[in-house]
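This report concerns only the one structure given below.
In order of appearance the chains are A, B, C, D and E, and numbering begins at 1 in each one.
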Amino acid sequence: MTTVSETMTTQDAARAVQAKLARRRRISASIRYAILAGVGLIMLYPLIWLIGASFKTNSEIFSSPSFIPKDPTLDGYIEGWKTSTPYTFARFFWNTFLIIFPKVLFTAISATMVAYGFARFEFPGKKILFASLIATLLLPNVVTRIPQYLLFRDIGWLDSFLPLWVPSALAGDAFFVFMLVQFLRAVPRDMEEAARVDGANSLQTLVFIVVPLLKPAIISVCLFQFMWTMNDFLGPLIYISSVEKYPVSLALKLSIDTTEAFDWNKILAMSVLAITPALAVFFMAQKYFIEGISSGGVKG
Amino acid sequence: MGLAYVMPYLVGLLIFTAFPFLYSFYLSFTDYSLMSEPTWVGAKNYEKLFTRDRTFDKSLKVTLIYVFTTVPLKLVFALFIAVILNYRLKMIGFFRTAYYVPSILGGSIAIAVLWRYIFADTGLVNMFVTALGFEAINWFGDKANALFTITLLRMWQFGSAMVIFLAALQSIDRSLYEASAIDGANAWHQFRFITLPLITPVIFFNMIMQTVQAFQEFNGPYIITQGGPLKSTYLLPLYIYEKAFKNFDMGYASAIAWVLFAIIMVLTLVAFWSSKKWVYYAGDKRS
Amino acid sequence: ADLRMSWWGGDSRHLATQEALKVCGEKHGHTVAPEFTGFSGHLEKLTTQLAGGTEADIMQVNWPWLPLFSINGDGLADLNALSGTLDLSNWTPEQLGAATMNGKLNGLPVSTTGRVFMFNKATYDKAGVPLPKTYDDLVTAAKAFKEKLGEDYYPIDITTLNAVLIVSNYITQKTGKDLIDPATNTVAWSEDEITEGLNFYQMLVDNGVMRSWKVATGSGISNLWENPAWSEGRIAGSYEWDSTYFKYSDTLGEGQELVPVNILSVEGGQTEGVYRKPSMVFAISQNSENQEAAAQVLNCLLNEPEGIAALGATRGLPASKAASAQLTEAGTIDPILVDANNIVMASTGPNVSPFNEHPEVRSVFTDTLELFAYGEISAEDAADEMILGINEVLEKY
Amino acid sequence: MAGLTIRNVEKTYGNGFKAVHGINLDIEDGEFMVFVGPSGCAKSTTLRMIAGLETITGGEVRIGDTIVNDLAPGKRGIAMVFQNYALYPHMKVKNNLGFGLRLKRRPKPEIAEATQAVSGILEIGELLERLPKELSGGQAQRVAVGRALIKSPDVFLFDEPLSNLDAKLRASMRVRITDLHKRLRAEGRPATVIYVTHDQVEAMTMGDRICVMKDGHIMQVADPVTLYEKPANAFVAGFIGMPEMNLVESILDASSGGANLSIGAQTLDGGTSLGSRLSDQPSAVTVGIRPQHLAQVPLGTPNALEGDVRVIEFMGHEVNLHVEIEGHPFIAVIDAEKYDRSIQRGDRVALSVLIERLHVFDRASGLNISLGGA
Amino acid sequence: MAGLTIRNVEKTYGNGFKAVHGINLDIEDGEFMVFVGPSGCAKSTTLRMIAGLETITGGEVRIGDTIVNDLAPGKRGIAMVFQNYALYPHMKVKNNLGFGLRLKRRPKPEIAEATQAVSGILEIGELLERLPKELSGGQAQRVAVGRALIKSPDVFLFDEPLSNLDAKLRASMRVRITDLHKRLRAEGRPATVIYVTHDQVEAMTMGDRICVMKDGHIMQVADPVTLYEKPANAFVAGFIGMPEMNLVESILDASSGGANLSIGAQTLDGGTSLGSRLSDQPSAVTVGIRPQHLAQVPLGTPNALEGDVRVIEFMGHEVNLHVEIEGHPFIAVIDAEKYDRSIQRGDRVALSVLIERLHVFDRASGLNISLGGA
């Protein structure tokens, strides 16, 4: 009898421990969410403000710190969309796309290739070449701007999209190359070796093995290139002079003349629009960071 | 073989990068007002820079302070958030996007306006500060504080470092967490002894890149404090920019840029050299 | 011919200019491709283009940029050579002189602008003081404000650039000289004079006439018109370009009224010390293959009825007599702007050298003043440093 | 107190695959339990659930008196050797070994000492300064074992810890592990061991008991001798023993009091002892004869099975004779010293059967029906 | 034509460790060569050099007539099974299998067919749609084997391909691989196989020849029977055979024409046949006796060794008797049917030795000196 009740109590105790654990888990989960949401709010604050303000009237924007417009108006969007040029914003989005598409695509391809070359092969001059890659990152580009401009002038690429993406397509963004090199060096070679034995040449190994394994990193590269190109203002400003070729980033600042009064709500409204693709793209891409291809491959 | 893969880079280097790069080096030995041809002046720019330019000294000091506070803070913060956002939680996609938002906003003009609002004398931050019973802080007007607002701005835009960390966290073999769990590792131990060492290649990358970017920080102080007050946020890139595009002294600007280049280069070399001790590359050749 | 014209500005200016180009192009049988941006970055763009020799045929150039682009007068086309096409008689010699570099006319002033005082009448009324006429009135007003309205009420706002200009104005009134002596191209003011000016600034701060430099910077809001203290009338005045009147009046709250007034005077002043200059000029590229055609279009924009009508007042009150007359007649321009401009035009003062706005000169002035304002250096040292610094810059030219 | 109780434990993987179907098992404190079973039968899965690495989707696991279903792996007092080693790639061997102790904040000298001791046992003393990627497969496996040993936990979980070692080393490791286990028991701090292996020798010599699994079910749990001599069902019979037991379909005729088992056209007479145990049993059966219980006899010997030699495998001290009898493949293991070397592939031979050691299984259920009450 | 020639091949790793010391080996076209040796003896390293995955730091490797030292792995006409599987983690099993063919641009239906065929052989048909992380250890290993088989290359390199499989599956896989090899040979497109294993049975049954390695040296290359019956040295003798050969230091006295081998206080008389072969040899020798060549005899039997029973291992059909003789551990394997079950741990027993099968090794060089001219 005693043994029975003893086991009963131990079982009860076990249950109690279980319940306690479960409770603790729930609490820790809610704490995690609370922190996430709290900090998240700080992160989102400007976006919310921006969206709110884009529906405000011009005079309300600075006079009231509240997010919610007193009497919301779509004017900012409607007027902003029309622009002060013969074109609507659609045109500028299209131009941005014409730059972003080849740029992102070829950056991903070339950066991956070059990173693969650096991370997985030995060849004469590799050290120096890699050093040059890093070096190009270190010089403030203010001072290369003019020489670069002269260069593209001589090639005859001014007022075209080419200066904006061709250098990137030739792995000109050392940032990405360096990043992929670091990622690649962290990936064990086993799978590549297997592929080599399977008869893959190095290019096939790259395409079929390395690229899938590097997927999260390559997606980051695309994301960054997308965002940065979207936001890049100085490049288009300098190389593009025809209004019909303006990308969004340039069009956004088209009406801002600090010496004059200008319509903030238009600008904010268009800023909101300009951010939207980036937000959407990021939201769609982030799921690749949920579960990459658990690299260990096999478990027992 | 490897050479074939780095060919695109080599071509790009020769066509697009090498000339501007070297040309700017040449310019640093010239007097070049942009509107007329550069004239060779030898090391004069450098000489002035090192001997008579108090602005440079001051700016360099500010830059160093900025770099060495911003980079560690930002890295730690980005990594911390990345680790949290690596969990499989509900709505994780939303949170990740939310946390990336500041970086998407990037150089958007709204940021400048907003940041000034947040740190204004009656702004959000001071509302907190006074609510906690302290005296309101003069963020932009006090030279001791202004730089910190820029640092915070950059920390707040930790998104790209975070994304890179996230991508790296993905590539860690799960079975190592299992093994360590059995070894009795708690979450902190796993982070310290498994996660951290295994993402050292990417930590290293982020460290280098953040340092480089911090040394080249321009937008933050430019749009928010314009270098002031009392040049307390007058980072070197601002100075270079001003020399180049306001004073039209491209030769001198180039000289400053190359000195900055040399400083970053030295730091980078030190980092690369030290990385042999603390960065683990699973994929480097066995032999 | 196929021409290009570049400018910066806001929406209304963009629309008007495109229209004007169409009109003038058609009139003279040219096509003019517009290239326009906002203000930010425009200098870089223009500079890069000039360095590359790829600038547009017609350019809108900020007046202070002239010495940068064309210190010897040959960075831009000499419009005197095109005087056959351009009707230069629409400008006063003074106006043309301001756009002349090294004897070469590098641009045609589009409008003339200057600083005027503007006060919020409602606040002054509440405090029961009249709008100031002299700097001393400001001190009086400040006392009344603090007593009647509260510690955070100020009769005027003078920080950063405004501080530089007010100090300049004070010294100029006192000495009758511009900062820079055109003859020697050195600082015209003596150390004592500058010291006095600085002490004057400090006196204003001490009397609560305006926010101190530090407090103003700490407000976080760099544009006065965005500041709630401005819209609510707690800061009840400023010293601004006449053409920006609406920027400041637009954001004022209900019942407030902004009034431009004559330049405040200093006791024993020798002149009103007006700060007046061309706001911007239209220039023609030195590299243009069609300078003649460009001049035709330019003339149309500034002097011919079609162009004038199309451009309107989107670049302020036109400097060209023909344009000014046509627009005044048509009533295109708000009378208050005319008032403000009249104040500028009617005031006296020595010629303002473009070097006043040379970026390095400006930085020396501003930075030193800031140091002084923060109490980092004494007025004497500041004055000394200013003279040394500015002269060093000027030496190069 | 670290016995283990497994109650109705189930595992369904994320892709819907049900790997473990409600198993029950009690392992006593200090017992050495061996898991065997075909590849993919869920040995690792079970082990990983015990370790806390895989969520338990049904039932409960208790270690000692605690239900551990939701306890963190580190808190269960276990150590584990992984089938794929899972060494920390960035740590030298010595740090791999010492990691568990380091986490417990043991003093450095103590860790160093324990590392030395363990590396001595496992003969990896020279490898302490290497990184895992500089190890051979077998060396890596030994380090993995060392990582478990060093922790002296209550429960050891070994997942095929010796599969990559050569016979000699394996034999010595086997002895060392059993010795260690016995020593701990003798010292009064017994460690419970669960040991997954596919090696018959390990299973038979190391385990106090063996648990035979198949497709996520437990087929039999018993000590090695019982398992070998009295397999509960045809699966266990076939799985335990090397070469595997000859299992052949047969028709049982126990009507005569004896037990006649027909194999094709030939018939085996099981005698009355077997007959008495097999009365009342269905006639569709499977007969099981261990290869070692077949002996080569002259052709024509009564109650012997005849067939054609298909393959002759020379194994050193013995010979495996693959013989096809009535279309069924049989293997006979014959002592090399007694083996007639003149026999050729294709020859006809006769094989006598050690009737006392013959098993009969119900063909439908697979259960051993020849065990009787004995 | 895909024989293999290995000439003075050396391997020094980046950390300065010399893993392979100038080995020489000829493997004929279509030969099945087994590599065995203790853990860490450089089997994998050698294989990896042949595959082209490890740079050869000295000597040359020829496949057919081509020196392949600098040829890309994919161009060598080889397929390899890796010790750690190295499956492509992002590809389903079927794509892992088909990858090699896909690279060769074989048509889709052909690939599908080949995949089916191979997965049939390896019993992994149900796993084709899974990712590697959803496989058990044994399943993953089979997929790795499948990836090699499907390519029908000239040379197969297998690195412990069956180490994670249970005995039964392993036996059947073993047969399937040998069958495949034979079938290819019969069909006139022989495939050369190099097969690393630590499994004696695999080594003895599969290989045409066996290459025994130790510390980066080749100790002996011979067919299984020769290796077992005439080991060239003590290392091979000890390594081949299960349980391992009893090797004990001894003093040889061949002066009388016979051969007296003293083991501690006891002496074995080798007789004149052995004596004649051992004259002129040094007296410091090692005597080798296989456990199977020891038989339990009554105490007092002449020319038998006496000792105390330390451990008794029941192995099913036989029993391993661990006996300590003159302080040396001996193992005797005794047929379970003949084994006296009354013997207990600690009992004293006598073991007779099969003198004709006894080996004598020079203690200094380790060479077998008892082979004579025979």
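Quick notes
Quick note on the criterion: a contact is a pair of C-beta atoms (placed from the backbone, for glycine too) under 8 Å apart; a residue touches a chain by one contact, two chains touch by 3 or more.
Not measured: the values here are computed from a predicted model.
Note on connectivity: the fewest chain-to-chain touch steps from chain A to chain E number 1. The highest number of C-beta contact pairs joins the chains A-B.
Comparing each chain's Cα centroid with the centroid of every protein Cα atom identifies chain A as the most central.
We define each chain's centre as the mean of its Cα atoms; on that basis chain A and chain B are separated by 16 Å.
Measuring from the averaged C-alpha position of chain B to that of chain E gives a distance of 58 Å.
Inter-chain centre distance (chain C to chain D, centres taken as mean C-alpha positions): 94 Å. The set of chain C residues touching two or more other chains comprises 44, 51. Shared interface positions of chain D, i.e. residues touching 2 or more other chains, are given as 44, 48, 82-84, 86, 89, 133-134, 159-160.
Residues of chain B in contact with at least two other chains: 34, 117, 173, 175-176, 198, 245, 280, 282, 285-286. The touching residues of chain C, when paired with chain A in their complex, are 4, 6, 8-15, 18, 33-41, 44-45, 48-49, 51-54, 56, 225-228, 231, 241, 243-244, 246-247, 250-251, 253.
The residues of chain A lying in touch with chain B in their complex are 32-33, 35-36, 39-40, 42-47, 49-50, 53, 65, 110, 113-114, 116-126, 129, 132-148, 151, 166-167, 169-172, 175, 177-179, 182-189, 202, 206, 213, 216-217, 219-220, 223-224, 227-228, 231, 233, 252-253, 256, 267-268, 271, 275, 278-279, 282-283, 286-287, 289-292, 294-296, 299.
Looking at the complex, you find that chain A touches chain C at residues 59, 62-63, 83-86, 145-146, 149-150, 153, 158, 233-234, 237-238, 241-243, 250, 253-263, 266.
Contact residues of chain B toward chain A in the complex are 1-6, 8-13, 15-17, 19-21, 23-24, 27-28, 34, 81, 84, 86-89, 92-111, 114, 117-118, 156, 160, 163-164, 166-176, 198-199, 201-202, 204-205, 208-209, 212, 215-216, 218, 236-237, 240-241, 244-245, 250, 253-254, 257-258, 260-261, 264-265, 268, 280-286. Taken in their complex, chain B has these residues touching chain C: 33-35, 116-117, 119-123, 138-143, 226, 228-231, 242, 245-248.
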